[in-house]
Every structure is written in structure tokens, then in C-alpha cells.
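Read through the structures below before going on.
Shared chain: chain A. Partners: chain B in the first complex, chain C in the second.
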Partner chain A sequence: MIAMHKLVLRSVTKSYTKGTTVLKPFDLVAQSGELIVLVGPSGCGKSTLLKLIAGLEKLDDGQILLGDRDITDAEPRQRKIAMVFQNYALYPHLTVRENLAYPLRRQKLRMPAITEKVAMVARQLRLEELLDRRPSQLSGGQKQRVAMGRAIIREPDLFLLDEPLSNLDAALRTHVRGEIRDLQRRLGTTMIYVTHDQVEAQTLADRVVILRDGEVQQIGPPQEIYARPANIFAAAFLGAAPPNFLAGRVINGRIDVGQASLPFSDLPGECRTALAGREQVYLGLRPELLRAADDHYGDHLVLHGAVSSREIVGNTQNVYFRTDTACADMTRLSALAGRYLTDELVWTTENSNTGDTVKLAIRPEDILFFDAEGQAIGTHGSDTL
Partner chain B sequence: MRGRRLSSIIASVTAHAVLMAGAVIMLTPFLWMELTSLKPPQEIFRLGLHILPREWGGAENYGRVFSDTPMLRFLLNGIVVCGAIVILQILIAVPAAYALAKIPFRGRGLFFALILVSLLVPIQVPSLFLYLGFARAGLLDSYASLVLPFIISAFAIFLLRQHFLQFPQEVVEAARLDKFGEFEIAWRIVLPSARPAIGAFAVFSMVAHWNDLYWPLVVVTDPEMATPPLGVVFFRNQESGSDFGALMAAATVISAPLIIAFLAAQKTFVRGLTSIR
Partner chain C sequence: MTALSAQKRAEARIGLVLASPAILLLVLLVVLPVLATAGFSLTDYRLGTQTIGFAGLDNYGTLWNDPRFWQSVGNTALYTLIVVPGSVGLGLGAALLIEGRGWLRPFYRVAYFLPVASTFIAMAIVWEFLMNPSVGLFNQILFALGLPGINFFGNAQTALFSMAAIGIWELTGFNMVLFMAGLAAIPRDLYDACAVDGGESGWDRFRMVTWPMLGPTTFFVAIITMIRAVRVFEVAAVITQGRPEGATEVLLYSIYVQAFQYFNIGYAAALIVVFLVVTALIALVQARFGGGREASR
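So, the complex of A and B:
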């Protein structure tokens, strides 16, 4: 029942004039029915990649296969791909009904069949009341549903969604996100979803592809990237807030982090071997994995800090603090992380902590280790390709 | 509060006074033409300024226009020629403008530059070559010679390209994915959004070609093929040329279709013009 259409990209590259590379050789296999989220900051090449898959732009090199067909040089109309655009791209002078029906006329369907399909899709997406309106008379959320409807009505082999939620307000975004996921599960159609929002990536994706400057940073299920990011960029990108980064020095079978120290013997085995022989390392501490070290935390890394400010979000609070072990070279770290980082650390906690100082601990196995180039140490990263 | 209201009244009165002065300046010759067309010959040359005719010569003047000239034939020629020109201009300009706005191709900038340059070339420049060409082809005194030189309008291509540029690229891309061909996208998806521009252009082009005397004068000698302004010229030559009452009646007749059309479509026309950015 579910059509089997897997998407294969082999060494796809793209550059515009003047030798600016938009996409370095890109490989991806999206299994049939899989929902892949391409995520990265603006200008990372994710939208370009989508246009290449759709055939709206020509690739410089490489190969694209959909199902058992090589569509590298196929025209967009020959591809059986439907795309939902960021601004919805509805046909402005046509009613919702005509917007839905128009693509079907190209498929040489008879009028009764078209009417029936439009009614079915309208029911699925709750558009019945809106069928006779024009796009200019619709709200953002309604336009979004029409755009989805126009995509699914053609029963394509592949869905491409380009930041479909970015024009919606926050509450609606969460709701529509859920609807898109349900729809995709129900239809079982392979979907490539582009966003710059890491929450969308985490909640929707079977697998996430993190892109930076046209280069893949990591590919894997969101939980796996969260737990074992391939580099500082991936670590900072996926997660409510970027990890706290500290500088560490490897000396005589232990790591010194400012005043604190962590013996190798407390680390997982794979980490221990990978760390041996290095000097300078970066440690990444997820704010939500820190905990108050009131009790005895024998093997944990313990930090002492002076609280500078707090913000309360529902039942959690973000406690900002500074510590003498703070990392020195924030410029370098900011460059590696692709975002602005300060030497202020964060602790995300459900505790109603009010003190001026904090004493925090983290389990050694929760610590992320990176080398001086920002690449992960000791975590054999997930399928990076 | 009161001061502001007073100053806004003054501003409004001033604005309307300026507009009315402009209207008077533009309408006076026109009104003069109408009034002259209603006067008998002896009154036109009488000394002194009489605005309203003392004796009515209208019936005779208008009667002469229709009895001494094939005026209906002139009007028909005008409708055929201008209609053909405008329709062909749009048929050619829409795909051209669409390609220049929405399809990337090598040399697009050069093509567009050439079109802009051709905007600067008036019909007088190529008219000799066009005349020789039509003469060689035996097409003088034909609708073809009146219509063909104008079917490619650089202005229409330029105007529509600017409109099409504003049309969201994503909608075009969505249509491509929906299996539409480029011609269908141009005509059925993009063009409807440029309807006001098309309307405004059609009016401009219609007026320009309806009133054009230069080109019909070059290629037409047969009164059967004359457009309305050329018909008036023939009419003047046939007669002594001093019967201004009848001439003004002819001028009134040929400008009437445009005026009636404008009054009928006034609202649409103004909307079309003001929506051009």
C-alpha cells in the first residue's frame, strides 16, 4: 500500500558563480517513508539542496535517485515531487478549491474524480469551509493547510517542505508541527523537511542532517546527535541551549578543568583511550544535565560558581553563573560553535535554588569531549555520512 | 484643533484650485473644437468672441462629415488597426516579459538592455526602411503595413517585466512542480496578477495608435485604408480647407469613441494606473 520510494543523493555539489561553493559533495540515503530534517543556520545550503532535489536548480555534479529512477537531469514536472514553500506559494487568483484541483488537471483526471479527491483532502485538512475563498482571505495557518493539501493531493513520491512553519506564531507552530508529523506517518511518504529551528528538528525527525556552510556536520536520529554530537557545532545546535564549554588540560592520567580535576579512571573506557596523548581538550556540559552537588558525588566533575542572574521559565529556572574554571578562549569557541558564546555558564534546573553561589556536579559519562578543532573525542560519532 | 481644521481646508481648496486650473487649460481647446463644430462658417470667422453659437450649424457640419467622407469606414479601419496592434502587442509581450523576469538564461541582461535601448528609438528612425520593405512586398495601403511595425512593444515588455518581477518566484516554482509548462505559467498563473498593468497599457497603446497620423501618412494613400486622423487630413484636402466647422465636426467624431470608452471604464483605468509602482 505504501509506495516504496527511497531518495538517494550521491556526491551532489552545487556552486553559484565566482566559485562560491554552496554545497560540498553531499551524500544522503532517505529510506522509504522516512522523515529527514535538514537543519542549519541560514545560508548553510539547506534550501539550495531542496531546490536541487526538486529540480528547480541544476546540480554541478553528482546523482539523484528517487525510487529506481535516476532523476538527476529530469525536469521538475517529471519528478513526482511535491513541495511546500515557506510563503506557501498558493496561486493568488484561484480559490482554495481551484488551488487544490489545478495540479490534478495536469494528471488527466476526469472532473468527478477531481471533485472527489478535493473533497477528501479538504476533509483531511479541515478545509471544507474555506474552499471558495481566495488565498488573500486566509490566515497563515489556513494557507499552510492549503499548501499541504496541494502537496498531498497529487500523491507524490516525495515531499519537500521548506521552513513550512516559520510564518506561523508559536502556538500554531506546535500544533501544525504535530499535524504534519501525523500526516506523514499516515501517508508513509518520504519527506525532506528543511528548518533552522532545532525544536522542529528534534520533534519531527527520524533522522536529522546538520548542515553548516554547505557541509554535513552530522547525520543521525535526534536523540543520538543530542547524546553524541560529532563536533562542537552539532552539540551547540541541537538542544534547548548550547552546552557550557570549558577548557581542559590532560595531565598524567587526569583532566584538569581549572580547580577541578577528573581522573581518567572515572571515564568510560572508549573516552579514556581517545583522550590519552592529547593536551588541550574542550568539555561540553549540557545545562540540563548539571545537578546541585549538595550530597556526595564521588566520581562527578564538580564546579563552583557565583550566580550572576536567573530567569524562571514555568517550573524550571535558568541560573547563570561564572566559575574560575571557565573557558578562556570564547572567540575560538564561538567560531567552532557557529554562534556567540560567553563565559557565563547556565544551569537549567527544576530546583528553586536561590543562593548566591552554586556547587554543581555532572556525571563523567554525560560530559562531551572535543579536541582543539572542535571534533568529538571518544564518541564514535553516528553515521557521519 | 480649529487651526488644524482651517489649515486642512485651505490645503484642500488650494489643491482643488490647482487641479481645476489644469482641467480648464486642458479642456478649453477641446470645448472650443466642440463649439466650433456647431457653428456655421460665417460665424466662425466673425470678429469678436462668442462662446455659444448664435446660429446652429451643427446639423450641416456633421452631415457633411458623413456625406462627404467615408467616416464610418475610417472608424472601422481605426478599430481594426488599433485592436490588432494591441492584441498582438500583448500576445508577444507577455511571453517575452515572462522569460525576462522568471527564466534565467544566458544573455538575459543583454536582451533586456537591448529592449530598453529600443525604447529610445522613435518610429521615424526605421520608417524609411519599413516603407521600402512594405513597398517591395506590395503591402502598402494594407492593414498589414499599418499594424506590423508596432506589434513588438518594448514598452509593454518593459512594463510587464517589472510587474512579473514582483510575482513571487516560489509560486512559479510550485507551478513547475505541478507539471505546468512555461507558457501556461505565464498566461494562467502570472498574467492574472498583472491585469491592471495590461489594462493600462492597452489604453495607452490604443490612444497612441488611434491618434497616430505619422505612420498612416507614410504607408496609406488609398482613402479606403485611412485611419480616422488620416481620414480627416484627406477630408481637408478634398475640400477648400476653410470649412472649419465641418473639420471640427470630423475631429469630434473621431475622438468620440475614445472619450466614450474612457468614461465607461474610468474607474478601472484609474485603478490600473495607480496600481503601477
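So, the complex of A and C:
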């Protein structure tokens, strides 16, 4: 039996003392059982949004619905929402058993029922051995599991997770990430997961919400955002490394990029129409989609570059190179991308014997196009709701 | 191996040299005076006399059999028993109340901290006026309400309690500031977790988060307050001089009277040694149990 609990946020806004808007009108519908990841750099409003949903902060305007209930003005305890905090927020003076039992005791459950549920959750999360320990005697991963246990024991209508993995080391993070995903699938409970880590966003999410300065940049499944980012910020945020950005000039049915040139005839139809009539555009080339160019690439966009450095990551290699086609306006691009970008380009390849110079090309349909404001051209970013 | 230990010895020597100014000051200002006091407590020295004779444990024997000594020990203990819970409790309460008062917080903090910053001898005189049985503010209020006045310091039944009230007033502000520091260190997440878990009242939040997280702070504050309470002196010296009937005779005041009014330096030194042992015991409790109880999240 999976209860249906859809979360609907309608024009939710929040600002603190005069003028500082934390969250511009925000709309989201999380389907029942969906795992939504809110992602963005620190200060983008993602944690505030989570606190608004939990009822820990009051929203200025808008409406929050959970299932068929309007919880906009409900107290946190009435919302049937469980939350996992970055620092776990376990009660330090209580044992693991008491920590797990506390939400149930507040619900005035009878003792035998509490004992039974604690045992069940402890079994699910492998906490049986730890029940009589205090939080100070637990490792980071164990504390994390207790925090998860305290959340699921109440069988809430909605889970909120606030950067739950950021205090774990890298190896454990991958492991716990998988556990959270499995648990969420098994319970079928709607989950809102906040992180600043794009890997977590890509691996966990049914849909990702990218936030910047309190404003939604794009909402959609991770693969879709990766393939068709709505703007330069989204393109740079999702992916192991940001795309290589080049400045292009639209002239007579082709795009000139430095010395290289790309005829419209190579591009997909929708792209051609959208590009016609424009002058300045930015091109985004994902490092992992670049490939060594054969001679038959002819008229296509081919990048010639001198290798400046390389780093080896497992069986792949990041090759850094400079080219005369590079974009001059890195300050503007960095502002649009919300991160520091240099005019050094990167090629991620499994090819191990790369020389001192590179000659690279990309499939025209893999090129991302953006206008001067950094908005995607041709590929309209996925749904914004 | 030998090279290594030679290097270690050289390091130890440098360490000692670097620490020597502190060690010197500690010896000069703390260790020597304590040893001197302990030495004097074994003599019959009186201020102004030319002779000094070894008296063994005579002074300790005298004080063991001195009912005034036991009275001052009892008074000090009772005073401490009232002042510690009183000022710790009120300090915590004030800190909790002020915590929520946004922009007025700095004002309250200063207001409550004033007693700590002021000269207590002067404050004692103000209190003496306030508690004056005929013209003091407190009794004027009682009279206005048609109630009989209280002879705060004139009555053996009320004198020590009046003194304790002033002690609580003196220490509450200091304790409050310590508690506010402790409160500021409590992670907000814990309150959020408590709210989400179903904690509804302020009492729930206090019981689940504030009080457990303040444990180490509370312990520290209690110990500090205890040491300060045992040292009570000003009110006894300025207002009561131990009267009435020795009801406000406290340990430090007895020492003062013995040393600087009767000039019984030997006997006063014995009293000081007893006093030192008591405070050292309290400090030991703090060192033993205070350090290890670190709240972890």
C-alpha cells in the first residue's frame, strides 16, 4: 500500500529583512513517490526552501499542499514531514533507541508499539548493535543511519533531506547515497533532497531543480538537463566539468568560431531556425563529447590546440589545451556560468597517447548554443514546472 | 638513537627556558605565598611582636574547638547552598529570556552584567540603604502595602538570607553571560529537529535540546559560582561585621577579623589553609569531571 502524497508548491516566496529576496516565486509539483533534488551553489535558497516546506520558516506568500492537505500555515509537527539534517541533529543525551523512539513518543504511541517499530527500523538500517549507544559513540556513517531511522520511523508523507552526505568521506558517501535511493524506492515516499553536489543530483534524482540566487534555472530529469540545459548556468552546473565555451558569430548561413567555421547545413533543423537572425552566440562543448578529428571532418568545427597540461583519472584523461578559437570574454562567461572559467579548454578522453597538439571535433548535434544572455537557443530547456 | 634523545633533551631544555617566566611568576605569586601561609599556620606569630615560636598544630586544635569557627563554616555553607542554586537558576532563566529579545539583547546583557563590573563594596553600601529597616526602599514598599517591615540585617533569622539575596544579585548577571555563550553554541538544527519530531512547547525544546546541550556549561557555572560564593566577604565586612549574634560570620570575614583586628597571624593562617583546602577541593571536582563531559553531536 503506497499512500499518494503529492507535494505542490505554488508561488512560494521568501525574503528576510527588507530587500533581500531569498526565494523568488517558486512553483513545483513533486509527484507521489518522486525524488526531487534541489541543487545549487551555497546561498541559492535551497535550504531555505526546505525549511519553508518543513514549516521551520514562515513563507511570505504562496501555498504549500501535501496530498490533499493545505499545510501552508501548519505547525511543523502537524505536517507529517520528516527531515534529515546535515549535522544529523541527534539528541546527544539520548541513546540511539531513545532517539528513534522520540518522534513516536510525541505521537503518544503505546510502549509495545514503539518497541516494535524501533526494532523494525533498526533491522532495516542495521542499527541493532548500536541501539544502546549514544551519538557521541557513533561514526559519521552510523549517525547518518540513525538520522535516517528517526525520519522513516514516523512513516511520514514526505522526506526532506538537507545535504545529508556532506559530512561523510567520499567512499562512504557513494555507499550511503545508494542506500538512500534504495530506501526511498522501497518506501515509495516522496522525497526532496537538497545538495550542492552535482554528482548526487545526477545519480539520485528523478528530477533536478537547479536554483541560483533564489530563482529556478531549470527543472527536469538529470539526463535531460545534461543534454539540453536551459542556460549556461545549468550547463556548467550539471556534468563532471563545465562545457568548453566558445564565442561564435552568425554570418551568411554559417557560424564563425575564431578560425573555424560551422555551416548551418550541419545543424539539426530546429537549431538552424533558432540561430537565423542572431549575431553573437556562445557555443558549449562538453569535454567528454569532444573527439579526435579525422580528416574527413572538412568544413565542420575543428579545434586545433597546443596541450598545456593533463591529468589522469582512472582510465580517462583530462587534456587541457589552448586554441586561437577560444572565447575572449571569460569575465562575462564566468558571470553567466556562476563559476570561474578560464580560456583553457579541456578534452576528456580514454585515449591514452595524446600528443603535444590536438585536433578535435564534436558532433554538431552535441553542441549547445546560447544567446548573449546565456539562455539556450534552439533547444528549449525542459519544462519549468 | 642517542642523537635523537640528545635532540629531545635540547628541546626540553628550550621548552623549560621559554616557560620559565611563567613558572617564576607562578612560584612568586602563588606557590611561595601558599607555602608561607602554611608555615605561619604552624606558629604563634602575632602582628607587631618581635618573637615567633613554633606552635605545631596548636592553631588547628584551637579552631577545631572554636564554636565561632564552626559557626562561620556553617554560615558559609548555608550561604553557598542558597546562592549557587539561586544565581545559577536565575542566570539561566535570564539568559533564556534574553536570548529571544532581538535588538534589546545588548541592553539586557549590559544591565545584568553591571553588578560584575561594579565595585562591590560600593554596591554593598547601596544595598545597606535599600535594606535599611526604617528608611530603606524595600520596607517603604512593604509599609505602603500595609505589611510589617523586615529587619533584614538586624535579625539573626533573616540576616544570612538577606546577605544571600545580595549574593544572588551579584552573581546572576555573570552566570547569565556564561549561559548566553553556552546557548549561542547550541546548533539550530537540534531545535529544528525537535520541532519536526513533534516537540511543541517551549518546555519540550528546553528538555530535549537546551538543557542537555547546556550540561557542561551548567556544571562549569555551578563550580565557578560555588568558588565565588565561598569567598563571600564584602557584605559581611561593610554591612554586618558578622552581627547579629555571629549570624553573618563567614569564613573569609573570620580570617579578616583574626588577622587584621586581633593580629593573630598564626591562627588566621590556619583558617586560610582550611579555606584553601575547601576551594581546592571544589576546583578538583571541576577539573576531574568538567573536562571530560563534552557534548558531542
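Basically, the second predicted complex is superposed on the first by the 379 of 385 C-alpha atoms of A that agree within 3 Å, B and C clash if a C-alpha of one lies under 4 Å from a C-alpha of the other, contacts with A are read in each partner's own complex, and residues count from 1 in each chain.
As a convention for this text, a contact is a pair of C-beta atoms (placed from the backbone, for glycine too) under 8 Å apart; a residue touches a chain by one contact, two chains touch by 3 or more.
A quick note: this is a predicted structure, and the numbers were derived from the prediction, not measured.
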Partners on chain A (chain B, chain C) - clash or fit: clash
First (chain B), second (chain C), both or neither touched by A:Asn87: both
First (chain B), second (chain C), both or neither touched by A:Ser136: second
First, second, both or neither for A:Ala74, with chain B first and chain C second: neither
Chain B versus chain C as contact partner of A:Ala54, first or second or both or neither: both
Which of chain B and chain C A:Ala293 touches, first, second, both or neither: neither
Overlap of the chain B and chain C footprints on chain A, listed as residue numbers: 51, 54-56, 75-77, 81-83, 85-87, 89-93, 102-103, 106-107, 150, 154
Chain A partner contacts - residues on chain B that touch it in the complex: 168, 170-171, 173-181, 189, 192-193
Chain C contact footprint on chain A (complex, rising order): 51, 54-56, 75-77, 81-83, 85-93, 102-103, 106-107, 135-136, 150, 154
Complex interface listing, chain A residues touching chain B: 51, 54-56, 75-77, 79, 81-83, 85-87, 89-93, 102-103, 106-107, 150, 154
Complex interface listing, chain C residues touching chain A: 187, 189-190, 192-200, 204, 208-209, 212-213, 215, 295-297
